[in-house]
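The following pair of complexes shares a single chain, chain A, combined with chain B in the former and chain C in the latter.
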Partner chain A sequence: MSLFTLLRRNLLRHKLRNALTALAVAVALFLFCFLYSVITTLKSAVTSSSADRVVVQSAVSLFMDLPKTYTAKLADVEGVESVARWNWFGGVYRDPSNFFAQFAVDPEIFLAQFKECVITPEERAAWLADRRGCLIGRALARKFGWKIGDTIPLIGTIYTRPEGAAWEFTVRGIYSSSKTNLDESTLWFQYEFLDESIVNGGVQGPKGVGVFYVKTKPGTSLAEITQRIDARFEGDEQRTLTQTEAAFQAGFITMLGSVPAFLSGIGGAVLFAILFSVVNTMMITSRERTKELGVLQALGFRRAIGARLLLFESMLLCGLGGLAGLALGASTEGTFREMFGTQIPGYTVEPLTLVIGVAIALAVGAAGGLFPALQARGLRVADALRAEA
Partner chain B sequence: MALKLLPLAYPLRSLRVRWTSSAYSAIGIALSVAVFSAILSLRAGFQEAFSETGREDVAIYLRPGATSEGESGIRKEQIELLKKGRPEIATDADGVPLAAGESYLALNLARLDGGTTNVPIRGIEPMSLKVHGADLRVVEGRPISFGADEVMVGRPLANRIRDCRLGDTLQINYGKFRVVGIFDHGGAYTSEIWVDADRLAGAVKREVRQRVMAQMKPGVSIETVAQELEGDKQTPMKVLGERAYFASQTGALGSTLLVLGLLIGGIMGIAAMLGATNTMLASVGSRTREVGILLSLGFGRLAIFLSFLLESALIGLAGAAVGLLLVVPLNGIETGTTNFQTFTEATFAFRITPGLLLDATIFAVVLGLIGGAAPAWKAARMLPTQALRRQ
Partner chain C sequence: MSSSSQDRRGRISIAGVRKSYTRGTEEVTVLSGVDLEIEAGRVVALMGPSGSGKSTLLNLIGGLDVADEGRITVDDTVITALRADELAAWRSRHVGFVFQSFNLIPVLTAQENVELPLLLQPLSKAQRKEQARYALEIVGLADRAGHRPGQLSGGQEQRVAIARAIASDPTLILADEPTGDLDRTNADAVLQMLRRLADELGKTVLMVTHDNAASAFAHQTVHLDKGALAGVAHA
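Entry: the complex of A and B
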């Protein structure tokens, strides 16, 4: 009988106990996988941001609109290729709990700047041709069951129509995203439609532009152009704050304040708790095996063998439990993506997360087995043989 | 036959004999309790600061359709019409309506620990201070004087946001505002910066205000006023009580924290429970002979079941004690996150309330009980002869 057989037999000896421990590890690793994926998903919008776009907002507040005259002034700044106007719309579909993002944009420039927004040429033509048309993300279409040609009624909260009437947008295209910085849960419609509604349609709301997305010419230094733009508007009606798209996205994460740190803290506590559970199981195991370890030594096996057996058993137990938990974490990716479609758009479990998870499971196993293993090393054969089973 | 129960000392002694194993599973439960109560204390602090403050006799008037001040916009002439013309608004001794047209903007400011955040600034009128005078204390410096470029800052902001300490200068567009006072308010206003509304309008070149805040005459039903103004031709408004307004702004974050607390606490709890089951299984296993003796002495199965269950509940209780000790120091620590309903930073403190202590303790004991049920059942079902024969 090889030592490996012994290891396997040992593991199966207390099926219930070991199953419970492995299950506890599985639960913990599943939780780890979820919490860590929330953080990586939030951060992926930053890491995958485009390197040729900058965002211009008011220096006072993200919610302070900029004068429309800035559009032409921006286009004249050296290094600027194109300028798209973006306005946050903030409409409500039936109930505020159905929250999703809506923006009024310059459609042609937006599509030229965002190659990651994938639609068919037919959809593109249909959207550009319909002033009241909109483009919606794949996840959004799935969530509400919208199809091309459907009308989406939205009650304006920032831009209100007379008598509180709903805005109506016709779906002209359903986009998918080829990069994680663009989520698939947004509705885009034509800026001109919003603007003419404010000018002639009796709509109340801010008359300016929320933010400008600026695409830079190839070879332009982002650090220089952001400074150049802010300098251009110093002394003008509104001071601007120009950031790279990555910095702009990162701003939304720092807004979460202590939340990411809080999630990490919870993750740490979970793993710590599970470590105790594993140590506990392995201590119970080693206590029961004291006599056997003595027998092994008496048979001529080196003292370290018994200790190693305990260590491997613990790592194997945690490794198996961890794999089960991570498998569950990876297979529920789609479910969570639907569930948190608009809060955490594009929830993704990255392969690296799973690798880290396996490493953690093995580390917990090693740490959990270490103490009993050390105890086993210090055993004297005579004492061990005398121990009660 | 009367139920003969085992003495209480039996499970207690048993815990002592196997104290390392008992301690490990208690620590597992303790950590679950700690996480569970940390999240819920965050929620308690948040609700204390927002939903549970706000006065019943103060009404908020917003533009119809707006769900928060940030989305609202009311022209100045409409504000004057409301202030002078509405019969429900109370007046001071000189007959001036106790109402203020306030502006609201989420300023993009730098945090002292890095990054930027959105800090609400409120443009106020003299009447704002008069209505909220009793709840609002200036703890350092003095209140702003109207007509000057001055601000007063909520107390928690002074330590979190750059340029918010007494004597600092805060730049808003081209306006340079001096911080002349630090104020405290038991509720949401403590997360805000207050400034003269006219001076703010001048600095950002925007005349539109976001809300009217008014004290109601005694006996006025805000609901009736809301119905009346909903379809008004001249000044259609959405009216709600201040308390209801705060609650509407914070409901989502509060329930997110509740779901998060229950979900994460629950998942950790399951893991901890499994640990408790293991400890109890080992405890039962090594006492097989003892159980045999107890059975032959005439103790009933129920008595044995209860005794083991009690042992497990005690592990849970010990876990609760340790877990709460870990969490209690959090009480009062201030933290902040963005409330995505208003898109502004909300500052609030962890609050350990008596109700929370009770919930956490129940949570821990229940974990212990569920964890111990199967092993206790196993012990109670043993056959005396077989149990005695075991080594």
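Entry: the complex of A and C
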């Protein structure tokens, strides 16, 4: 027998009421876990970006192409090791709701620049040998049940074939990613195939290059090379905007506008609402136990003990509810990764998110129990003993 | 838990005690200068009409409330001079309470309820268990140790409350209407038990009661009326 025995038994005293409160906390913490993980997943693409790659786009807009001639000009800039062309393809597989990213790239250079894109030597050779071949991410393959050798038909929305015919790509490799900056939900195909189709195949679409991924030579300062590249094209056909890969990725998050803030706002509002629910539960609990708090004082326990019992009970209640919600959040990581694989690629529940979640649950419990605890602390024993049970 | 006649403790000295409450804008005087001496090891019944100040006097003696004026001394301790935390510590060592509605903690078993005040004593877990068991044996409820209050009769609940009151071997047992919620048979059993605590264990027992039969079990009956001492009768 200890005061913890009393605390534990009190927690189970009104099972339904406490279970419902714990459930409310669990739902709130599950929601927090999900929303916070969405934000950290989006940001992790920035934090895990390569330190030796820069991205060159048009200074006017990301949606404005750069001339193909810039490929060679970029390669001549001091400090540049390799240049890969990237074009956003924007094809539709059966239905627009089946959205996933597709890029036309220079395959050999792309694979050399992105060591985090992991494929077997056989897959690499097969992709390089097939003009119509493509590489797809593991998550994408799982989502649509694609395997090596399958043909993926895509209707071009930016690059349209005559009479709206479908583009057909053969799966030559399924990659996995060793870093979170590269998701596993993208399709890569050969830039030359796209270019040839535009030049000779009657395909309508932009003739330039969307962006250039530039790998720098070892020891090159990223700050210096971004300035050097932009200076090189200052008086050219089009001005460029060169950014580190991290800044480029961060730009996409900025393009989402206030979505991260909005998600944080929703999570915060839910937690705030739950706080009132906890306060309500603990106020009822405190009122019901007024006489018992008086008995504890009469037995010689200091007033603070009764107050602490209420505070810890609230924290325990919220802590248990929070743990349940966070456990659900962690255990559904794989499900959400599948479900939102193309919208939030690489969805991950970080251990830090769980730690923050536990801290929030305990803080909600402490805040919820504080007012009843202060009330209990102010109780005069003679008055408490006169209270109705 | 026993005491010889020479080292009996629990003598209470009350001098000029006044207590009033503010009800709305009105000040209500509950005790208007009470002087009383109570010998150690006696059973004292505090009687009087409702509102005469019996429970208030009991609360003041037990340190549950604070007198406006006057001095209450229990043995060598002037309890009217103690601060709230000091009073709590003093209560835990020297006072056991028995209430009309028993006031057991419903989620704890009889054994655990009796162990509760022992958490404040410097005892090991085994010692606490043993002492609580012994207190339950004294009130004849060792076989109900594992029962919760809801599984006990009213009389049994009050006996558990008495066991809780004596578990830490206090000097004083203060009982507020201990038979108020009991039938005659159980009430008499409780009164006999309180008398035994004084006779056999040397406790000073003060009980507030409306039960005229209670005076038959008391060594001394103190009558209060309108906040003042109206008379003292010795058995």
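Just so we're on the same page, the second predicted complex is superposed on the first by the 389 of 389 C-alpha atoms of A that agree within 3 Å, B and C clash if a C-alpha of one lies under 4 Å from a C-alpha of the other, contacts with A are read in each partner's own complex, and residues count from 1 in each chain.
Everything that follows uses one rule, which is that contacts are C-beta pairs under 8 Å (C-beta built on N, C-alpha and C of every residue); 3 or more make two chains touch, one makes a residue touch a chain.
Just so it is clear, the structure is predicted and the values come from calculations on it, not from any experiment.
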Chain C versus chain B on the shared chain A, clash or fit after superposition: fit
First, second, both or neither for A:L374, with chain B first and chain C second: neither
Which superposed partner A:V92 touches (first chain B, second chain C, both, neither): first
Partner chain(s) touched by A:A125 [first = chain B, second = chain C, both, neither]: neither
Vertex chain A; arms to chain B and chain C (CA centroids, nearest 10 degrees): 90
Touched partner set for A:S61, first chain B, second chain C, both or neither: first
Partner chain(s) touched by A:L352 [first = chain B, second = chain C, both, neither]: neither
Partner chain(s) touched by A:A112 [first = chain B, second = chain C, both, neither]: neither
Partner chain in contact with A:R13 - chain B first, chain C second, else both or neither: second
Chain B versus chain C as contact partner of A:A231, first or second or both or neither: neither
Partner contacting more residues of chain A (chain B vs chain C): B
Partner chain in contact with A:I274 - chain B first, chain C second, else both or neither: first
Closest approach of chain C to chain B (Cα atoms, Å): 11
Chain B/chain C common contact set on chain A: 389
Touch list for chain A against partner chain B, complex: 16-17, 20-21, 23-25, 27-28, 30-31, 35, 57-64, 90, 92, 96, 155-158, 160, 164, 204-206, 237-239, 241, 250-251, 254-259, 262, 266, 269-270, 272-274, 276-277, 279-281, 283-284, 388-389
Footprint of chain A on chain B - complex, ascending: 20-21, 24-25, 27-28, 31-32, 34-35, 38-39, 42, 63-67, 70-71, 73, 105-108, 111, 114-118, 172-174, 204-206, 264, 267-268, 270-272, 274-275, 277-279, 281-282, 335-338, 343, 345, 391
Footprint of chain A on chain C - complex, ascending: 59, 62, 64-65, 84-85, 88-93, 95, 97, 99, 101, 103, 105, 107-108, 111-112, 115-117, 119-120, 125, 128-129, 164
Chain A residues touching chain C - in the complex, by the definition given at the top: 1-3, 5-6, 9-10, 12-13, 291-292, 295-303, 380-382, 385, 389
